[in-house]
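The two complexes that follow have chain A in common; it is paired with chain B in the first and with chain C in the second.
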Partner chain A sequence: MNVLMPSPRLVRAALPALSLAALLVAIWFVQPRAISYFGFNLMLNLAMPIAFATIAQLCVITVNDLDLSIGAFVSFVACVGATWLNATPLLGVAVLLGAVVVYALVGALIHLRNLPSIVVTLGMSFFWLGCSVLLLPSPGGSAPAWLAALVKVRTPLVPFAILVSAALALVVHVGLMRSAWGAILRGAGGNPVAVARAGWSLLRTKVTMFALAGFFGVLSGLSLVGLTTSADANIAIRYTLLSIAGVILGGGEFVGGRVSPVGAVLGAMTLTLAGSLLSFLRISPDWQIGAQGAILIVVLALRALVNRLERRR
Partner chain B sequence: MDAPSASAIVQLEGVRKSFGAVRALAGVDLDVRAGECLGLVGHNGAGKSTLMQVLAGTLAADEGRLVVAGDDITASAGVAAARAHGVVCVFQELSLCPNLTVAENARVMHRAFRGFGWRKRAGAAMAAMLDDIFPRHGIDPADVVADLSIARRQMVEIARAFLVTDEPLRLVILDEPTSSLDQVVAEQLMAFVRRFVARGGSVILISHLLGEILATSDRVVVMKDGRVVETRPAEAFTRESLVAAMGSVAAQEDAKRAAAAQPAGEIVVEARPARQADERSLRARQGEIVGLAGLAGHGQTDLLVRINAAAQGREPHARVAGAVAFVAGDRQSDGVFPLWSIAENITVRSLGGLRRFGLIDPAAEVRMAEEWRQRIAIRTPDMGNGILSLSGGNQQKALFARALASDAGIVLMDDPMRGVDVGTKQEVYGMIRAEAARGRTFLWYTTEFDELRHCDRVYVFRAGVIVAELAADEITEERVLQSSFAEEAA
Partner chain C sequence: MNIARLLLASAALGLLAAPQALADTADKKIALSNNYAGNSWRQAMLKSWQKVTSQAVADKVVAAADAFTTAENQATEQAAQIQNLILQGYDAIVVNAASPTALNGAVKEACDAGITVVSFDGIVTEPCAWRIAVDFKKMGSDQLDYLAGLLPDGGNLLEIRGLAGVSVDEEIHSGIVAGVGKHPKFKIAGSVNGDWAQTVAQKAVAGILPSLPEIAAVVTQGGDGYGAAEAFKAAGRPTPIIIMGNRHDELTWWKEQKDANGYETMSVSIAPGVSTLAFWVAQQILDGQDVPKDLVVPFLRIDQDNLEASLEATEPGGVANKEYTLDEAKAVVAGK
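Up next is the complex of A and B:
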């Protein structure tokens, strides 16, 4: 977002960063030792796959759709990573590429038949879940050694997960927010009729965005299985809601092509760290999802407040 | 005098276009020459916007030929072909992406803005064009469109259309370009149009401000009922003759109605538009059919919605005595319940009276539905069928039945006959007359002049306020048009 914007817009853009900062202060207050290289490494371990999944969701939300299958898809990728990719790498790579193609086809189907994406992707979530169960009926498998080594690289000064997240945010920001093609892709979310009247293919934008979602979903699943080294069919089921929450927390909106990749990555980190904070507060994991929901509500309420201030001006 | 000349940039021959039963264009011939501004006027539904959509490639004509800059593009008609031949249209409804910046919106329309530094180039081009057309516009190319006022959005859209990049620019179509611009900015635009035309470009200008048309255009084309009925140099028209040309065809049918001397019933509705500055207000007596006329979207629907709200006690500025039923004009968005049966769609307004022991009495519901099937002849084998199984006209009948079956003494109608076939219309007119005779009051907003003939009194709206009140014997198309088209504050 532009820094020259009037203040409410600036406030809204800064909200994801502010919520993350507030969370860090809270963690520091409760457990000062967590604010260290080692602490961040531990806490943000799982931020990487969540950030990838959030960006995948962001791609779909940009074109006014919602992907309810991303969690099941990431689980599927993790299962492939823990089985075929290790045993027969060529087959594994082919399957993952095929999965991205399936994502693109789902986008095409949604556009051509004018179907509600929620219904289609909900159906697809069962498809991916079924594939995972067929592939890995019980938890197990093992990730390729190179993958496990890659995601556990110890970088100097700043933990690897933070570097990857920053790079991800930067790349997607340039691609979607700054590039000439990104403007068309976002425009297709803002006013599809206008974009079509200007002679652009809406089918192509939708397919592109869904294919990108599939691509980032693959990265999410691979980084996840690298960290856990084994997989199971339900490993990332909760990513569906986490990713939506991350996009919204990051300043995105469900319709109108208003998204912020940087905000979404910050949102994903906020949600990850919220889990750690709740653990430090000795809140049982059973309550953590509810507590994450509460955080979401607070941030969204703040945003609604900013919007109202803006309207009153 | 208007034989297509060699300098014609655009030639349309025999263009026809229908939407279902409604014929929007009934064989239009039109030519636009290089270096002229062509004014296009006509009442609502005359086919202006449809014609422009055909020209801009967003609608395909059913029949006819379309020649641009010497190339016959009938077969390849589409946005890309139109753009490649230098035809650009600024549509009436805003077609900017609100989530993008001004520069990014320029990019959506102009493919040349790509590669490194595209944002800067697009921004600079837009700033220069805005400076040229609208001096002191106060728009930054980095502004997000959603943050701009509606007038500034319109300015951005116009500037974007006049931008020349890698494609030629021969003809710009401006469809009501000044509808949300103030006087000063509108004059800036008209001055720019003259400069553009002087440089050899062509402009088609559609406006309901006749002063603007007459002052800016070289030639004026009048459309009516999907045809071109008059083409003359602008000097040959006066405001009066232009209005006469728009209404002339139907004027002959202006036979005197049997003006039934209405008994002066009690006033049951009294309402004022929100922006009405003078003392005028809309009054309706019991048993009257009151028409709301004027061009589409000039505040008629708003007033009906206010009256509807007043009946539920949510609007202090209107007074309503009695229950109110609303017949929606936009069937799909606020008329039918698409998943319900025909019977359910009819009875929903009357469920209060169909109760037994606090629950809906299915037998009474069926009785009411059957009764109305008989009375207004809804063509269906079974009232239990889904409402969408009916044709558009029959769906509209079901909506009328919903209002007439209810206990409401006042029926508000929001241009309900859009896209309804003639036979159905005649049946419904008869029903309205009969119900009015039995003491029901009708407030009828319509964009079709013929329907005003059924009214006892007509209020003409312009720019959100009532500008004229016509008694039954004063209702002529000419009077309504005179009042609908503003005399510009010169």
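Up next is the complex of A and C:
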């Protein structure tokens, strides 16, 4: 019996890809014309910033923390992108670098004072929101032309958004899952005591992961403002929960250390496409949030099933 | 299977075209992309859309006019919604936008795909889209013009503003300031934020009243007139001329006063039925008519003589409304 069953580990890794494939089949059935270069370009270009935000969240979840400020941070980056980065590029770049440093400092603070990350990042979300409102009191600004041109570039055969997402998944996968450094970073979330005993600095791992989260947050905000061409202080507030859902949907867990970058990127795409499918199905908006939740629950229930298989082994 | 579907689709198109359609838009599909449905004004807006467009579909003026509302009032979500509407093959998208700027990318994509985009109420700044805006500034200055006719000697004004930081509040306020500049016998003696809600307005007015001299009139932004009237009554002060905002409670109060002592005022606000104007404008553009990119929608004004009729037509708890017909929309397009 066990010979016939694929290993639970494999099933677990394949689940995000399978959910995405199932969704694509459904979309093809309902709206065949969406399955084309043009269609994927439209449906997935807003998945690009979500994928970046999801990877940022994944960095934080890796070290057993949770980032509730990523949505506000992405909004802030978008506001900087639509104002300073356009008018005075040097100042804009400096502010974005400074924002990444702030992220790293938040990681240090959480580690040194042993604070719950949820509280600190919730506080930071108000900080970023405040900065965005100060910078852009009413919606407006305009993205630098090079940025708008970059995110809308038409690559041959495969849409740009898919290429970027694939590259992102691959790079983070190699860095976090295949390299020696990645093993330490994941270990710091999964079993901090063991990693500390082995002589590694937990402070450094946490600062690294939070700085990486800030870096991917900046990429998310910049790609978003490139797509929308102007910003709004509340533009990406939704990304906080979307990014957490993306990580979990992609096979990650809240216990720290158990994450899957490839799965997370697939999870972000699944969430985006789920919205498209529901809209193609003409499901009334009152039911859409519920339907989105139902998709999440189904995938998570499948995961629980896989976990059970794993335990039985 | 695909061939069967194609055949079916072309058969359907043939059927639609057969009974000598009135306009060239009989096979066109129009979608409404709406960002929010959580208050009475938006509900009335959606209801008007539903009523007018279902009739238009039945009359074969257009093939479809579906309304889509995003679950959360979020610009990114609405941008994704617009992109989905592009894929669904709509010929025109009518937008009430969550943000004047954050949808520009999606709107541009729609335009590039050959889709007509008409924004109204919450307009978008992308140049390829049409805009149906309300002249909020005139809504403010008209109040002063009306008061100047009624009170030639001028007097002290109390201004009730809307939600701080929202562009609509700024615009109406600047209109009122301009009106005072034009009629210098009036003076704004005090100003409070009523947040377009009668309970907030009542509290705010009650708070400032003791510090004010005699008030001749109250200039408002809509949704706040009834609260102001209650505050004056509670303070035992004579009721000034309060400009109303077309809400049912305000009109009811005005009617009671008018019957009791001949009280005179006027009421002004935007009609939720502006969504139907946007629908007809989109239909006219699809029909190949030359429509200017920026249209100004007249606001809905109620005066002493049409109060009863307006009150009767307004649902309890609702807002006075006006739904547009094709001919009325044509008149707006022509700038009449």
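Everything that follows uses one rule, which is that the second predicted complex is superposed on the first by the 299 of 313 C-alpha atoms of A that agree within 3 Å, B and C clash if a C-alpha of one lies under 4 Å from a C-alpha of the other, contacts with A are read in each partner's own complex, and residues count from 1 in each chain.
To be clear about the criterion, contacts are C-beta pairs under 8 Å (C-beta built on N, C-alpha and C of every residue); 3 or more make two chains touch, one makes a residue touch a chain.
Note that this is a predicted model, so its numbers are computed, not measured.
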Report task. Assess the superposed three-chain arrangement around chain A: do chain B and chain C clash, or do they fit? Result -> fit
Requested in this report: State whether A:M43 touches chain B only (first), chain C only (second), both chains, or neither.
Outcome: second
**Report entry** First, second, both or neither for A:R9, with chain B first and chain C second
**Finding:** first
Report task. Quick one: the Cα-centre angle at chain A between chain B and chain C, nearest 10 degrees, please. Result -> 130
Query raised in the report: Which holds for A:V193: it touches chain B only (first), chain C only (second), both, or neither?
Result: first
Report task. Name the contact category of A:G256: first (chain B only), second (chain C only), both, or neither. Result -> first
**Report entry** First (chain B), second (chain C), both or neither touched by A:S201
**Finding:** neither
Query - Larger contact residue set on chain A - chain B or chain C - result: C
Query raised in the report: Is A:R178 touching the first partner chain B, the second partner chain C, both, or neither of them?
Result: first
Query - Distance in angstrom between the closest Cα atoms of chain C and chain B, superposition on A - result: 36
Report summary line: Overlap of chain B and chain C contacts on chain A, residues none
Query raised in the report: Residues of chain A touching chain B in their complex?
Result: 2, 4-6, 9, 178, 180-181, 183-184, 186-187, 189-191, 193-200, 256-258
Query - In the complex, chain A residues that touch chain C - result: 31-34, 39, 42-43, 45-46, 137-141, 148, 224, 227-232, 234-239, 272, 275-276, 279-280, 282, 285-286, 288-289
Report summary line: Seen from chain C, its contact residues with chain A in the complex are 2, 37, 66, 68-72, 74-77, 79-81, 83-89, 99-106, 108-109, 125, 165, 167
Query - Footprint of chain A on chain B - complex, ascending - result: 56, 58, 78-80, 83, 91, 95-101, 104-105, 107-109, 113-115, 118-119, 140, 142, 144, 147
